[in-house]
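Both complexes below contain chain A, partnered by chain B and then by chain C.
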Partner chain A sequence: MPGEQQPKSQPQRIDRYVGQYAERAVDMVASEIRALFSVAARPEIVSLAGGSPNVSALPLDVVGAMIGDLIATQGSTALQYCTAQGDAGLRERICDVMALEEIGAHPDEVVVTVGSQQALDLLARIFIDPGDVILVEAPSYVGALGAFAAYQADVVHVAMDDDGLIPEALEEAIQRTAAAGRRAKFLYTVPNFQNPAGVTLAVGRRHRILDICRRAGLLVVEDNPYGLLGFDSEPIRALRADDADGVVYLGTFSKTFAAGVRVGWAVAPPAIRDKLILAAESAVLCHASFSQLTVREYLNTQPWREQIKHFRELYQDRRDATLRALSAMMPAECSWTRPAGGFYVWLRLPDGIHSKAMLPRAISSRVAYVPGTGFYADGSGGKYARLCYSLPDPDRITEGVRRLASVIETEIQLRDDFGPAPGIK
Partner chain B sequence: MPGEQQPKSQPQRIDRYVGQYAERAVDMVASEIRALFSVAARPEIVSLAGGSPNVSALPLDVVGAMIGDLIATQGSTALQYCTAQGDAGLRERICDVMALEEIGAHPDEVVVTVGSQQALDLLARIFIDPGDVILVEAPSYVGALGAFAAYQADVVHVAMDDDGLIPEALEEAIQRTAAAGRRAKFLYTVPNFQNPAGVTLAVGRRHRILDICRRAGLLVVEDNPYGLLGFDSEPIRALRADDADGVVYLGTFSKTFAAGVRVGWAVAPPAIRDKLILAAESAVLCHASFSQLTVREYLNTQPWREQIKHFRELYQDRRDATLRALSAMMPAECSWTRPAGGFYVWLRLPDGIHSKAMLPRAISSRVAYVPGTGFYADGSGGKYARLCYSLPDPDRITEGVRRLASVIETEIQLRDDFGPAPGIK
Partner chain C sequence: MSNLDRVVVLAGGLSPEREVSLHSGNRVRDALAQGGVDAVIADADSALLSHLRAAPPSAVFPAIHGTCGEDGAIREVLGLLGVPYVGSVASACQMAFDKPTAKALATRAGVATPPSVTLPRETFHDLGAAAVIDLIVARLGLPLYVKPSRGGSALGAGPVRSAAELPSAVLSCFAYGDTALIERFIPGTEVAVGVIDLGQGPQPLPAVEIVPGEGEYDYAARYTAGKTEFYVPARLDDGVLARVAEVAVAAHSVLGLRDLSRTDIIVDEHGTPWFLEVNVAPGMTETSTLPLAMDSSGHSFAGTCVSLLEQAAARGG
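The block that comes next holds the complex of A and B.
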């Protein structure tokens, strides 16, 4: 009978909205970090990818009891909406934390954000028109690159060395931008124990960098998640401490308390602060009082300075294990940075080996890292890999580096037999 | 001596970044809702403004103990990063909640957001180019209007009556948009106990609205914060239940559990869901595990259906008190809606009286509301005021309405003596 041969109606598989997205959303693609979250979760893998803090080192029973009391006694505030700028008591405590880096800020200058990532998003939102130039380090934090790309920025990388951002390279980038008839909207920098490179902006360079930016009228965005996690010294004086009007400072409790509360903050000159508050209100109405009052209570009642010291020692042990294992096991053609704090070693692979192409083989060998390409807006960085040592135990780190060294040795063999990997920039 | 008469260097007061903001940020201005948060907090004011849920009606000691246990036993997950889509266990429970409105969704279709506000922001981000048309009810939710304005949408209001959005008016708006050579990106609707109007889309209109949108290829964004807070009936079948491919559904725990955890969600067709996840990752990396696991635990271990019933009764008492007081005390020239659920009564003022102009005098008389102008993109709505009865006790509501009636009577007197207020659209 007619009709019998007709295929049944199939569920719709194509995207019927494909022609309707905003221009900024057309090219959205999954980030390498996201794909890695699921890989890193498999227990047989030694994950040197992640970037997650070691929250198990918190006294979870004590923190739990503190939060239980908070909700029982102040739940009608902690479970309610608050203002878009954030809880006033928390903003006071944030100023205490920043005082450790010699920042003299007033709570009115602080905007609480959903982690530092939201601060990056809000800054991008208020500053970036499509095609605007943003200066960043080479390499730079993948989450910042993602936020800037979401607003269609033209990201320009500025070279670093072992002392962080190179002042001459910054001047040259500013001049090159100006010569092209353009002006950068801001410099984004992670001065301490940088993600991903693990290097720190030398104290002797800090005034120079500030001077260059001040003369160029260039706003500095100082992102400092790891500043209190230095292994060898007192916290370094922040850039913000020397230029309240020229620097937007970003902080977070993700690495000094808990990433899962998503409490970060921005300190900004008044006009920028006002726009950040309005943008935050439009984005999320307000951040969770639940998280904010938990952090406030933690800072008010718990020995948070001692906890940070404990985190420092824990990460220093893991940094040491990483550097020991790298020295003992990596092929001679590899080199790497030696971080004085934070979570990351930046590994340079032998010539002709591409970190992204190598990743599936590394995962087959049960070790994961983030390919360097994630930290460059232009797809370069293939000769590098980011190793994060924050989460595994020292023994697991050693085993992970052993596996990685073995993978790289196989790659060297393949390269020598068949020639270098293509597409390394 | 020369120089002695020169003024000392003053702190910089003007905004040195004024020429550098993105186009979308140039016109950012403080919303009326934000200004009202601080007013509403003053204890001598009866606030009918807010929109805050009555979280004190939760058993705070029980909830506190539950959260304390959660952190003590699962803190290493609850205080850690998670995926941008949100906790899988929570997404399962969210599907249980939506089943009450006859939605058959899979946890894979759910994206957890920082309240519904973030879902609105992310939808705006992925759909709205500057100048794009978005259709909304007249009046519409102020937070949605703010999110759409932040992406420079051209918002077109569509008329409602006591049965919600008027199908003929929707068809006409679609045709008018098409006749202008444009196409709307989506229809934004709050079908149940609407904010601010308090009306509900009649069951008999729902298929009609869906048909009109399907024929026009128009995506529907169904925002449903109050759907489980109906006083007289079982939850109404959601629009999403009848068109999984044509509707993005937004839900939240702000009104059925706690606003301060900021847990909302979106359910979207796969392609839109994927973009929402990527946009969420760019905006906040991930939402707080702390909040997500708290809600998951609450739904897994606490009698949440009974708690919603308790909230319903509590809000019904307050709705009843509001309607009684309005009937007893409002001048004859006023009229208002009679909500069958949710938080809001939409009050129409006497001709020639402007709700925004009246607000300072109302606050002097120790009663607050939100002027109707906040709920129209074009600044109209001055003849309306939104009264929210969710937070004050019934006695306070009665007193608030008494004060407001007295203010309006004075306004009537002024109008009769001096003529109508200017600028009412």
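The block that comes next holds the complex of A and C.
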């Protein structure tokens, strides 16, 4: 055989550009986990995975009529280009929304973005050089980690507890970074009903966090998609309300109105704002006028505060169902957070069980969650799973938790038979 | 004159191969459009039966991979409805989809297949996993290859080079199924051989040699364009190419398969082909080997899909 072979065919690699991609695209490959999430989207699966808002709770007929009127009366503006900073009228209304969290911003400080995800991308674009340190909570929002990774940041996680980011851990991370001859570019935090952990930064810690960052010259990026969705209290005063120069605030209408309109915003000190506008201009020229005016009209003409109250009640029912089901059915070795708002419970699995390795069995059992590994830049977090309760109704949540509990029981038996799953950190 | 008034391509399903199946289904539908046949995609869900009853198709092209698509279940239902379909009947699929059964039948047909054991999860639990694992290593040696007894796309599958790796490999396998097939790993050239039967009996397509860019031919290597090199025909001697073709046709025949199949084979350093498994709903994605083999053998992908459907329609339900 060897030596006798005559090459008869040329290699086919399907992708003729395979040698031409940028280094940052090397890891963009097909993934088993993504394939599993394709199944999770099917109605047969109880999905506690994706963090989708419950838009069916909107008065869709009213919104539809409003959009029809918008096009009929303002179509020539709604269907035209606009400025990169965003529609002035919308920015005024955004300031009204932020006032609920005691932010006294001027519309000129606001930059409209494609959801807050684009604000994350723009911030990464203007701040991050390859290898720069970015401090984030442990765990942190997967979309932010993705945005920072795209600019080749060195993400450093800072510990949290049930009261959110731990000030001492933040100080230590800053010092450790400095001792290595490096300086962190910013702290990224989701202070309210955090994604994925569901915890909220305690009011008593907020000034300390700001003080620590101010002393270190560290910019704070406050991402607050869930701030108006607290169950037990009025909206919490934003970090931005106490430090206009040291905090870039990110907001979105994805959770309080509709994710599909893709409208978010950033409020930033003037120098940063100007760069964000220029970066947005080069990225998308301008944002969708239609979406912006839809949100503006919604805020101008609809009872949006009452709608948020309705959303809060709906999510609270689902949160309660989730916690009840977890208490009733989860194996004793599991523990979980108890969110006071937002969408997420952070489940800690029994020792030796890996949430990513467990996912195929869960999908086969027709329940889905997000493995904790996605929320750590280094892929650790396998002992955790994020459960999102925003979409299924309470009975489906109970059924989903029942299925998940059964899957975990099987994993416990496998762990006892074969030892801990590999790759647990 | 085509007898294809209405064609349904089945794609999706609820197995972990759903996404692959959707790609396969879309590609088949597009190929059919090129061949002048309009087709619609349908999923194996609660709407399927009423859809098929309301508008009975001339023929169905099943492109659902994994459970439901390849285990015979959906074809059993198509049979109950009397709907003609491309591919093997349910009973043949049941044997082909169960890898240990397919191996046993291939062995009966005189085809070499790696020595293996098939064990359910409960056996490890009841007898003690460590003792069973020791026994496997003592009996089969190393290296090994572990995979779920049913399933595809290399999900839950992987090599084992040392005894210490075996428990975690079995654990990964059990994430995708409750029975593990543990084979002796045969190093060599990995080839996939398609078989098409357009009425003249099963004909082998050229063997496609698979060379992953790095590491194993795993899920990422299978479905990321550019991560794997394919050689069509495989860079093997003519005599070896003839033998791998014989193996694929033998597997197709002994399992009673119909219309099309794809057999995965390892050719060892001595030129011996070892049967690994056979697929009754082979992948039809941009990175799948069967369409590559069709294109390089002068069977156009579009033309072959149309011919298979015409044949199924003529055969009836």
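Please note the rule applied: the second predicted complex is superposed on the first by the 402 of 425 C-alpha atoms of A that agree within 3 Å, B and C clash if a C-alpha of one lies under 4 Å from a C-alpha of the other, contacts with A are read in each partner's own complex, and residues count from 1 in each chain.
Quick note on the criterion: contacts are C-beta pairs under 8 Å (C-beta built on N, C-alpha and C of every residue); 3 or more make two chains touch, one makes a residue touch a chain.
Computed from a predicted structure; not experimentally measured.
Enquirer: In the overlay, answer first, second, both or neither for which of chain B and chain C A:414 touches.
Expert: second
Enquirer: Regarding the shared-chain residue A:357, is it in contact with chain B (first), chain C (second), both, or neither?
Expert: second
Enquirer: Look at A:262 in the shared chain and tell me whether it touches chain B only, chain C only, both, or neither; answer first, second, both or neither.
Expert: first
Enquirer: What is the contact status of A:289 with respect to chain B (first) and chain C (second): first, second, both, or neither?
Expert: The answer is first: A:289 touches chain B but not chain C.
Enquirer: Between chain B and chain C, which one contacts more residues of chain A in the superposed model?
Expert: B
Enquirer: Which partner does A:30 reach: the first (chain B), the second (chain C), both, or neither?
Expert: both
Enquirer: Regarding the shared-chain residue A:157, is it in contact with chain B (first), chain C (second), both, or neither?
Expert: After superposing on A, A:157 lies clear of both chain B and chain C.
Enquirer: For A:383, is the partner it touches chain B (first), chain C (second), both, or none of the two (neither)?
Expert: neither
Enquirer: Taking the superposition as given, does A:15 touch the first partner, chain B, the second, chain C, both, or neither?
Expert: Both chain B and chain C are touched by A:15.
Enquirer: Would you sort A:146 into first (chain B), second (chain C), both or neither based on which partner it touches?
Expert: The answer is first: A:146 touches chain B but not chain C.
Enquirer: Across the two complexes, what residues of chain A are contacted by chain B and by chain C?
Expert: Chain A residues touching both partners: 12, 15, 17-18, 29-31, 34, 38.
Enquirer: Using the touch definition up top, name the residues of chain C that touch chain A in the complex.
Expert: Touch residues, chain C against chain A: 12, 14-20, 22, 45, 121, 124-125, 129, 155-156, 167-168, 170-172, 174-176, 209, 211, 219-220, 222-237, 240, 269-271, 286-287, 292, 296.
Enquirer: Considering only the defined contacts, which chain A positions touch chain C in the complex?
Expert: Contacts found on chain A: 1-2, 4-15, 17-18, 29-32, 34-36, 38-39, 42-45, 357-361, 363-364, 366, 413-414, 417-419, 421-422.
Enquirer: For chain B, which residues are in contact with chain A within the complex?
Expert: 12, 15-18, 20-25, 28-31, 34, 37-38, 52-53, 55-56, 58, 60-61, 63-65, 67-73, 75-84, 114-115, 117-118, 121, 125-129, 132, 143, 146-147, 149-151, 183, 185, 217, 219, 245, 254, 258-262, 269-272, 274-275, 278-279, 281-291, 294
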